[in-house]
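What follows is a single structure, written as structure tokens, with notes after it.
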Amino acid sequence: MFAQNPVFIPGPTNMPEVLRRAADMPTLDHRSALFGQILQPALAGVKKVLKSNAADVFIFPSTATGGWETALSNTLSPGDAVLAARHGMFSHRWIDMTRRHGLDVRVVEATWGEGLPADRFAEILSADKARTIKAVLVTHNETATGVKSDVAAVRQALDTAGHPALLLVDGVSSIASMDFRMDEWGVDVAVAGSQKGFMLPAGLAITAFSGKAMDATAQATLPRTYFDVRDMAKGYANDAYPYTPAVGLLNGLKLSTELLLAEGLETVFARHRRIADGIRAAVAAWGLELCAARPDLYSDTVSAIRTPEGFNATEIVTHAARKYDVAFGVGLGEVAGKVFRIGHLGSLTEVMALSGIAAAEMAMVDLGLRIELGSGVAAAQAVYRGAAAPGLRAAA
Amino acid sequence: MFAQNPVFIPGPTNMPEVLRRAADMPTLDHRSALFGQILQPALAGVKKVLKSNAADVFIFPSTATGGWETALSNTLSPGDAVLAARHGMFSHRWIDMTRRHGLDVRVVEATWGEGLPADRFAEILSADKARTIKAVLVTHNETATGVKSDVAAVRQALDTAGHPALLLVDGVSSIASMDFRMDEWGVDVAVAGSQKGFMLPAGLAITAFSGKAMDATAQATLPRTYFDVRDMAKGYANDAYPYTPAVGLLNGLKLSTELLLAEGLETVFARHRRIADGIRAAVAAWGLELCAARPDLYSDTVSAIRTPEGFNATEIVTHAARKYDVAFGVGLGEVAGKVFRIGHLGSLTEVMALSGIAAAEMAMVDLGLRIELGSGVAAAQAVYRGAAAPGLRAAA
Amino acid sequence: MFAQNPVFIPGPTNMPEVLRRAADMPTLDHRSALFGQILQPALAGVKKVLKSNAADVFIFPSTATGGWETALSNTLSPGDAVLAARHGMFSHRWIDMTRRHGLDVRVVEATWGEGLPADRFAEILSADKARTIKAVLVTHNETATGVKSDVAAVRQALDTAGHPALLLVDGVSSIASMDFRMDEWGVDVAVAGSQKGFMLPAGLAITAFSGKAMDATAQATLPRTYFDVRDMAKGYANDAYPYTPAVGLLNGLKLSTELLLAEGLETVFARHRRIADGIRAAVAAWGLELCAARPDLYSDTVSAIRTPEGFNATEIVTHAARKYDVAFGVGLGEVAGKVFRIGHLGSLTEVMALSGIAAAEMAMVDLGLRIELGSGVAAAQAVYRGAAAPGLRAAA
Amino acid sequence: MFAQNPVFIPGPTNMPEVLRRAADMPTLDHRSALFGQILQPALAGVKKVLKSNAADVFIFPSTATGGWETALSNTLSPGDAVLAARHGMFSHRWIDMTRRHGLDVRVVEATWGEGLPADRFAEILSADKARTIKAVLVTHNETATGVKSDVAAVRQALDTAGHPALLLVDGVSSIASMDFRMDEWGVDVAVAGSQKGFMLPAGLAITAFSGKAMDATAQATLPRTYFDVRDMAKGYANDAYPYTPAVGLLNGLKLSTELLLAEGLETVFARHRRIADGIRAAVAAWGLELCAARPDLYSDTVSAIRTPEGFNATEIVTHAARKYDVAFGVGLGEVAGKVFRIGHLGSLTEVMALSGIAAAEMAMVDLGLRIELGSGVAAAQAVYRGAAAPGLRAAA
């Protein structure tokens, strides 16, 4: 039941033992004063990780999908128009959610492997003279394709058009591992989850609302109770929750943000870039290509790797799990069978990354791909030799 | 940070270490075959605990409030009429939720301390010839007042009236500690939470749908995504989840149901009754009264104890926490300041219960109540001497 | 397998979760620099707990019996005379050990229930003009009888006689729970164990040597390797161990001393006295007597309680374990069947103590003793009401 | 404080979480019946791992050095002659212990990197017509040099000479990872430790005595109390211990033997051989040599790797720890600075081994050794591709 090898799925991530222990608390009376000593630092820590001074942070016992629902149902009303791009499985799913909640979603289709088409958004927003679009949805890091999008460019598009639409950003697989600037980018609602950059078990949807988004909650008429941020806000003001909080996970989140901030956000981001650079060097050494179309789109938390025409990439994942007890991610949706994914977010060292690269190599060779054993490892080693640092240990 | 004394709040409960460990798992690839080996036994175990052969169980990463929302949003449409009684804080909150979701709720007001007025429900249902009422809401165990309601009587009322309304039951603080008969009582949706009778951390809404309720999900038009049981059903069929599952909590739930079923449900229920009988004997020895109006309403999971006129019952809770590091529950809503609550559900032994009784005694004497030290303890000891058993240890 | 009730054996004690976690470490390279960061604070912390500025602390992966062997084999040579009193099972066993190691032990027999007869020691030491006695053995707290001895009086006897014998003190069940003054009392070797006042699992013999004792190690010719403090001293000077250390337990010991010193030693001792006073009040209320002959002999860590003539006290222990899942200590040696013991050292709150008293009451009544239910609890409550404090939580 | 990378020291080893949890138990009354349910299966399990039907197993709360002392002090008397070979640091230390305990040790010096010279032992034993040699000491696996010795050949030498000397074998770093046949080889005392093949924390000396060795305990006059197997035997007969047992570690040992036997001893040994073969393939690919002189001497639990003349091998260990947070073992004694060691015993997968090889490569290249990055990894991958299996997961 208890694995020894690291996992290389793009979340939930490997968890440092210190965070697992923080999350595994004995029962504490959540109506006692002790609870505020967990809740408030967790909220404040998240705000710092988001580089925000102004946002209101709300944390729900749910997964990030609940965070999406929080973003929509608290700011929008039935029939409202929203703008979104489909360029991967997670942007696809958020679009699907808008439909289920009776929103009028305007979808820009984009190639999977490309980022969000900010210029196309700019055109649409400029053309929307009637300001019917109430919100723009951005998937900051498409976990399905290993592609990051340019949130600042979307903000630019909004500003250029003088458009008042809210900017709702899914940062689930980027926040706390890649740079995210809530205030600078003018993000109105940010959505994250505990099981990615925060290195915790799944179970918390972490959201942050700008002042403008908070204003919107008063007008929004989509039905909501569980995900209603107004109840949360009322509770937080009294160090309380509108229902039973997941105290252990909140305690873990408090410590997670403390560790991240002690290490330094820029150091954390650089660490993820360095590990990702090693993975990407390995991919190049293998003679393979990333799903992400261009270097400026490369995600530092997950790499989707294209396998040759006619090869079922999913077999790599199945085989590596079965024979080497190593978990990679399969391709989803449009790229199912065409890519496999190496997750490299959260708690990972260079040395752990090398074991994942080595396992992928063996699996690919086993399955007949013309990959040279050790080639990807050597390429990554060259990257890591230049830069390796003891990582989290220093901070812990 | 780590308490040594048991807690006596009515949930989250004391957690057996074996369950905490089951819930605190290293990361497992939830898309691997291992996940099904956790999910399916957890679902099957819950079904047995609910005494159901037919129900579909759905488990959400959320708290039980999310379970209420699941029950409503999957079976009802905007404007649907529902029937409910308000006789405590939790029935009150569920009623509030129906309003937020645009339902037409018919509220029967009842005294706090009384159970649901089944005879009044019978009248209303009989009178509803147009069958406008689509669902009847029942709070099986009012955690605020320590009162249980007669679900079978509501079923009887529905059947007598030949009324097709769905029977939605909140069993959050009863299920797995008190008898609950989903099939026999014709419950259409049952709602439970991980942090009560299942003795786990908060974080799972556990719901079960009858076939009739499942049929209703196809017609229901309340917006839903996160809590949509249709996505869950599709996922479960493939040992998968529509989003990232809380694998650790599911693993804990699997073990929890195994422990409960190994001990035997009737034995578990008898254990809770016995511990509750001891608490009630103590209350009588103190010369105090329960909030619950009559013995047939007594909850076996929580006792709300009335304090004398003019005395602020909340002080007992504050004082016991501060001076003795023991957590009791305060009175809520209409009975705020009038009662304090001793939770006795989940993982508790007679010996632990005695320490709670002893702490309550000291706190009450400290605050000037005319209680004899040791009196409640002696009364409970008399009960426990007759019946004490090693409890969970035997099962573990 | 996992108990819920506190244990009331006189060690191993209940363990705070925070200490269990500190002791349960992943593998750390004990030859790396990190090890010194655990070892040195642990050594320094123990020194402070012993109230010593001068002692050399040595910690062996063994139990306290190994600490006794450490004390003897490092300071004495075959045939050396030692002076000891037998007044309980643990003083008896230490005497037995001296014989096995070829020492010439002079035993003063004393009543079980009395302390060490310091005046008799004074006479013998004064009479020993030839200074043949090389060491005096003192059992500071006889765990078998709940009796503490006056170490200062033995020091006084040595000084009055101008006798150079070493003063070896077994403080296994006193140190870290009761006052122990290594320097002030002129203790030459002190012996403690991890599983008592330090609230850790069994597995560490904790010893401290005065300068005089260290000098003796050079002359002592009793064979020793595993327990040789000279190897330890050499290792410690390089942050190393002569063999594989129990790193986790040392890490636990480091934290244990930090918690004890943060709470304040006098506060810790007062806490144990207060809890013991409650237990003793209960014993009086039951109409029973302690094995300890007089109040100045009362141990604050364990109470041995005499049961009426003709009653087998061991039955209480057996019955309480079987029926109530509560562990007490049986009588040992001369007092087997005549006493049962309540351990109240280590990590215990007043509220936990009350549950032990309540369980003992039920067991005694079950077995036909004329004890009034609740009587001991009420007596202890009266003590605890006056003094209860949040205990370790404040320090943690 | 909490490392993420596996350790590659030759013990303590990486520990499966399931064993850490088994060892981290809440306090259990070791005088209750529950203790026997831990102790007896642990003893029986060890016996099976040793492939013995007849041995008496004794487990001491100490490290394996205490096991050496147990072997000597229970079977020998002051002045007894013993035969031993010095061919590494651990055989050296055991020889040193014999001297400290007043034994007359006859030392055969052998090259470090060679095994025990069984033919030389044969000559000496044949020549010892007076049977003055009372015991022959064998270090089955020299952890310092990565060399295994031929225990069966020593038994053969004894039998050929018709010599009655006891055969005492240090199997600390072999037992439970490499084949060990107590009965077939006629081993009289076997010594192991919890922190190697049993994958537990350090803290248990695990010994086994043949009937002949048990007979010797009655005659042996070396002083002993803590390590006296007669007290242990007496205790075990009553499910008890002569002093406080390390209950958690014993519980861990029980589970460890269950896991090992469920996997199958031959499967366990093959797994260690396979992982070792990969390491050795890497060493060859690097153009380096093992300290072990010949393939039949190769240890399957630790590889000592010679670095080129003029290079300080210890730097690899220091550098890898500092830069890559990976722990290897330094050379000890005669081979200090000449070798570094990769431990590959206990709980290790092929994928983890590859990360160690990759880290060693980077460290060596960083330090200027002419090693090709990826070369060792590729060689090991070739081995592991042929044979990889899911390892412990299957058993757990």
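Letters A, B, C and D mark the chains in the order given here, with residues in each chain numbered from 1 onward.
Operating definition for what follows: a contact is a pair of C-beta atoms (placed from the backbone, for glycine too) under 8 Å apart; a residue touches a chain by one contact, two chains touch by 3 or more.
In this text, all values refer to a predicted model and were calculated from it rather than measured experimentally.
*Asks:* Do the two copies chain C and chain D share over half of their interface residue numbers, or under half; same or different?
*Replies:* same
*Asks:* Quick one: point me to the chain whose Cα centre is farthest from that of chain C.
*Replies:* Chain centre farthest from chain C's centre: A.
*Asks:* Between B-D and A-B, flag the pair that has more C-beta pairs in contact.
*Replies:* A-B
*Asks:* For chain A versus chain D, what separation do you get between their C-alpha means, in angstrom?
*Replies:* Distance between chain centres: 46 Å.
*Asks:* Just how far, in Å, is the C-alpha centre of chain B from the one of chain A?
*Replies:* 34
*Asks:* Need the CA-centroid distance for the pair chain B / chain D, whole Å please.
*Replies:* 54
*Asks:* At least two partner chains per residue is the criterion; list those residues in chain C.
*Replies:* 1-3, 14, 17, 26
*Asks:* Inside the complex, what are the residues of chain D that reach chain A?
*Replies:* Against chain A, the touching part of chain D is residues 1-5, 14, 16-18, 322-326, 347-352, 354-355, 358-359, 361-362, 365-366, 372-375, 377-379, 381-382, 384-385, 388-393, 396.
*Asks:* Hey, which residues of chain C end up touching chain D in the complex?
*Replies:* Within the complex, chain C touches chain D at residues 1-3, 7, 9, 11-15, 20, 23-32, 60-66, 68-69, 73, 78, 96-97, 100-102, 193, 195, 201-203, 222-228, 242-249, 321, 327, 329-330.
*Asks:* Would you mind writing out the residues of chain B in touch with chain D in their complex?
*Replies:* Counting only chain B, the residues touching chain D are 17, 21, 26.
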